[in-house]
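Right after this note come the structures.
Here come two complexes built around chain A, the first alongside chain B, the second alongside chain C.
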Partner chain A sequence: MKFVIQRNQLIASVQDVMKAISSRTAIPILTGIKIDARNHGITLTGSDSDISIESYIPAEEEEMVYVEEITEGSIVLQAKYFSEIVRKLPEQTVEIEADSNLQVTIRSGKAEFNLNGQDAEEYPHLPKLQTDNSLELPTAVLKSMIKQTVFAVSTMETRPILTGVNVTLKDNKLLFTATDSHRLAVREMNIETVNMEEINVVIPGKSLNELNKILDDTDENVEISVTNNQVLFRAKHLNFLSRILDGNYPETSRLIPDQSKTTIHVKTKELLNTIDRASLLAKEEHNNVVRLTTKGNDLVEIIGNSPEIGKVTEEIAVSSIEGEELKISFSSKYMMDALKAMEADEVKIDFTGAMRPFIIRPEHDGSILQLILPVRTY
Partner chain B sequence: MKFVIQRNQLIASVQDVMKAISSRTAIPILTGIKIDARNHGITLTGSDSDISIESYIPAEEEEMVYVEEITEGSIVLQAKYFSEIVRKLPEQTVEIEADSNLQVTIRSGKAEFNLNGQDAEEYPHLPKLQTDNSLELPTAVLKSMIKQTVFAVSTMETRPILTGVNVTLKDNKLLFTATDSHRLAVREMNIETVNMEEINVVIPGKSLNELNKILDDTDENVEISVTNNQVLFRAKHLNFLSRILDGNYPETSRLIPDQSKTTIHVKTKELLNTIDRASLLAKEEHNNVVRLTTKGNDLVEIIGNSPEIGKVTEEIAVSSIEGEELKISFSSKYMMDALKAMEADEVKIDFTGAMRPFIIRPEHDGSILQLILPVRTY
Partner chain C sequence: MSIQKNKARIIFHIDMNCFYASVEMAYNTDLKGKPVAIAGNPEERKGIIVTSSYEARAKGVKTTMPLWQARKLCPNLIVMRPNFERYRAASNEIFRMLFQITPYVEPVSIDEGYMDVTEVEGNPVELAYRIQNDIMNNLDIPCSIGIAPNKFLAKMASDMKKPLGITILRKRDIEKKLWPLPVEEMYGVGSKTAEKLRAMDVKTIKDLAYKDEYMLKQAFGINGQRLKSRANGKDLRPVDPDAVHDFKSIGSSQTLPHDTTDEKEIFHLIDVLSDNVERRLKRKEAAGRSIQLMIRYHDRKTITRSKKLPSYIEYKEDIKNTALELWTKNWNTEPVRLIGVTVQDVIEKKNLAEQLDLFTYEKEEKKDKLYSTIQQLSNKYGKETFKKLNNEEEKDSEFLRTSFQKDFLDDFRK
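Let's look at the complex of A and B:
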């Protein structure tokens, strides 16, 4: 194997595949990056067996030459050393060559690195996914759907299914749902042309977080394909493969109340900042719980209280309050997470009493819903 | 105690004094910030008993009003909560009021915080230093003298005196010296007018690192005063007090060889980058050791080698090599630290054989000297 490659392209690809590589792995070869040189281009692969990432650098694209002097072949290099080396190379081009004894030479300018490689035949084969049963989404839409739901997955392994985001497609409606059983985040999206049967899978939250870090903010589409136990996200020059969680995702739609006793309309940022301040004195003893009380004259009072440290009280002027008076306590963290996901200047909050879950939605957008269970404090 | 203060001034002062506050302290009240309100301004104090920092906010300065409606008094507030609160206040002005029961109210806009304070009488009294026996230095010079030496202090508590920087003043020459017994960093500075007797103290490296973080890059001077067991750095509106280490600092000047068998002149940045690359494969098994070998034609070869991982070789063209041929091994970390301290485009390295300490100096500046002991590898 041999090729000469532009350093910047190599650095970007190595950074992408590194996101799948863990230093704590039961399979030693997975601490390496697999390099496949073909005449059309170079593919790098990293995997921790839950997530696998392939990044492709074409030999030529749009009249730019990225890789030259290619002799086909494959090798696996220690990811930790290889990634540091490529970042610190002195020149813009790099020559990488592997001999038949798995000895690898990396040359750039007057610097020459000799590394011990590993046999690419020993690297696990990634499953090939059939891609004609697939769904396409603009990258920005996918990233936003992930961002608005993934924070609500459970971090506890007691119910593993809740550590994932439930992704369903039915009747041309794509739905992302996440819950840790104290709160629920739902985002839906109408898909006009679908080239795919119904889907219903649970994707680990960790996978989606890593995917969101890798996906560039481009106008290009991402293609999503699903099999029984794997999901593939295919972007330009990038394949992101994740396992799917086993088990049935709970039915969450019945949790959502269909009536409201008190409705508050409020500026998202103002409520967020007020809750943030109240949470400063609600952190330790009270599990981040703050209290919201409706007042007359479209005022809402937010209180955070930790008797040993102190108390914070703030009144916030809201756009309107409709319905019954209300006094309710809830996790400031959950409320802040939900408000940050809104992407809207103003939100509507529907309460059905101090002991019932309440719903936060953008003022003029039904596609996002955040539900939070209150906390019983008295 | 009561006053109304500009939030931005308060935030900056709180940030400064926080640098002295540790959450792990044997004296519980030192987890707090002391606030002293006097008619002329507000003083904040933080301390971990090794370092104490006082930051002063004048009521008025250069026709700007920073503090108003002052009723004199003092209080101690939990640093962790107070610092988070001031950062998140909604308005540009803040009212702080303490009643006779040590209850403190912080008001900004519609937000009101009630905090439990502690009695300022219980806060340790900082020693008052006599300041007519003092030395003045431009802030930039002091920061650079610290930066060029403090990295070389020992991090081992086996010889506590080596964890500090030896600061001496004699015959109008100010000298900063640091060594961990494997390397030595020396910076000197001629002081024209000195208003001070000789000094010879050892200041903890940790204190100087914190001081360097706090000192702004201004044109103002810093005033240094020393007593038996404390040193005070006084900048504008800032007092930084540190304890001094007990014990005699070793005589280091005899370590510096007065002759040279091989001299290399080389571009600082080029040598630094080459050593950095060589260190990538010298990290684990060989304690960062790299090897330097002089070649003909003004070439120097740098090698890093870890048999299990690989080897890196790089030739670097130097400006000139004078004297004997040389093959020498040393810590790449020490060499990189020394080169980063140089502040010069080109350096001169004087060797007196593979087993003797060598000296790095800027090409045209005798005020900085870095000495490194080589490593025996064969």
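Let's look at the complex of A and C:
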């Protein structure tokens, strides 16, 4: 195997596949990056067996030449060393050559590294997914759907299914749902053309976080295909394969109240900043709790209180308050996470009682919903 | 509430004389002049004297003495089971009277407390007599009062003359009144400490006052320094009316009727103790985050082992399971004499926020209507309108728990 490659393209690809590589893995060869050289281009692969990422660098694209002097072949290199070496090479081109004894030489300018490689035949084969059952989505839309839901997944392994985002497709509606049982984030999206059956899978939150980091904000589409235990996201020059969580995701739609006792309309940013200030005195050991009290029909009071530190009170003018008076305590962190996910200047918050969930939605957009369970104080 | 510092203070220590026995005598005047003792569980070995009247004490009956021994010393001893509700009511009434004089009252237990009367107008000695007479006339309960510039000296003073004593202990009286006393009579010196002190050739409070500070610190740590300065009449602790609000742990312990290796018996005891702890947590409307198990073996060797939990607990089952886990891990299979179960890192539930759960909130919600009604009525009529019932409010038949003396303080916590 041999090729000469543009260093910037190589760095970007290595960085992408590194997202899937864990230094602690039960399968030693997975600490390596697999390099496949074919005449049409180079493919790098990284995997931790939960997530696998393939990044492709074409030999030529749009009249740019990225890879030259290709002799086909494959090799696996220690990811930790290879990624550092590539980053620090002196010149813009890099020559990589592997001999039949798995000895690899990396040359750039006057620098020459000799590394011990591993046999690519020993690298696990990634499952091949059928692609005729798939769904296409603009990358920017997928990224925002991830960002608006994934923060709400559980970090506790007590209910493993809740560490994932439930992705469903039904009646041309794509739905992302995440909950850690204290708050719930739902984002929906109408899909016009679907050549895919219904889906209902739970994708680990960690996978989606990594996917979100790797995907560029482009208008190009991402293709999503699902099998029994894997989901594949295919973007330009990138395949992202993730395990799917086993088990049934709890039915959450019936837990979302549809009536409201008190409704507050408020500027997102102003409420966010006020909660942020109140949270300064609502520390971890108290669940970051702040208290919200309605005052008449256009004022809301937010209080943060830590008996041993101090207290903060702030009144915030809201656009309007409808319904009953309300006093409710909740986690400032959950509220801030939810408000940040809104992507809207003004939000509507529907409360259904001091011990019941409340719902935050953008004022003129029904596609996103954030639900938070309050905190009971004694 | 804070008290102005840097000013000579006048502190009272008020100590009810033979409190439980006095309350019983006030209830039933026929008992007056007779040897009366209050004991935990008269039938069993663990039945011990909790308190006794002066008539009984004259015959040698002492607190913590086993019942059989007391009966031997005083055959006509009248033994009664404790009537906690009576004591609680009497105590509440006494402290209510004290709080009318000044807000700076610090209840210490059911039958004693400190008062800072520096700001109270009038002659302090006359005030002390007035308090003593009022308690005697209204409740028929004798008390002794110590008058001193700080809490330690006031406490020592109230002890000097009983019953119905009023003792003034000024700094300049220390040499004559305090220093000659054997060191074990000093407040804060228990039998263990006294033993160690005697080994260091400290026999009287005066010896302690002059003892080398470094040696004391080596033997007793910071407490050594504290004891020395107390012996010199120094004590800077203010009378803190809020002190009753501080509690960090709630526990219950019990001696077995006989030393045992029978795990069934021990499991049963742990069950009973966990039940006690749950009840006391409920009373305080509190929850805790660690559990400590104390095991005292037949040879008095005592170990304590604890476990910190990820979340606050308040229910018997959780307390018991953690205690049993500690038992299984730590018991060395030798015969056991006493078991104690304690919840630590205790906080009041009103300071504890409970994050509701999406999948269970509807269950909680059923209680919601009740809570909000309680809230509304409490806002209207005051916080005391509703209190959660403890299924069995301290029943007289319950065996005595030393903790009762401290639990009574809850009445001042609202």
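Rule of thumb we're sticking to: the second predicted complex is superposed on the first by the 374 of 378 C-alpha atoms of A that agree within 3 Å, B and C clash if a C-alpha of one lies under 4 Å from a C-alpha of the other, contacts with A are read in each partner's own complex, and residues count from 1 in each chain.
In this section, a residue touches a chain if its C-beta (ideal position, glycine included) is under 8 Å from a C-beta of that chain, and two chains touch if they have at least 3 such contacts.
Quantities reported herein were computed from a predicted structural model and do not represent experimental measurements.
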First (chain B), second (chain C), both or neither touched by A:276: first
Contacts of A:252 with chain B and chain C, given as first, second, both or neither: second
Which of chain B and chain C A:75 touches, first, second, both or neither: neither
First, second, both or neither for A:374, with chain B first and chain C second: second
Chain B versus chain C as contact partner of A:201, first or second or both or neither: neither
First (chain B), second (chain C), both or neither touched by A:310: first
Chain B versus chain C as contact partner of A:181, first or second or both or neither: second
Of chain A, residues touching chain C in the complex: 179, 181-184, 250, 252, 255, 286-287, 289, 307, 329, 331, 353-357, 371, 373-378
Chain C residues touching chain A - in the complex, by the definition given at the top: 285, 348-359, 361, 364-365, 368, 371-372
Of all residues in chain B, those that touch chain A in their complex: 78, 81, 84-85, 88-90, 104, 110-116, 273-274, 276-277, 280-281, 308-316
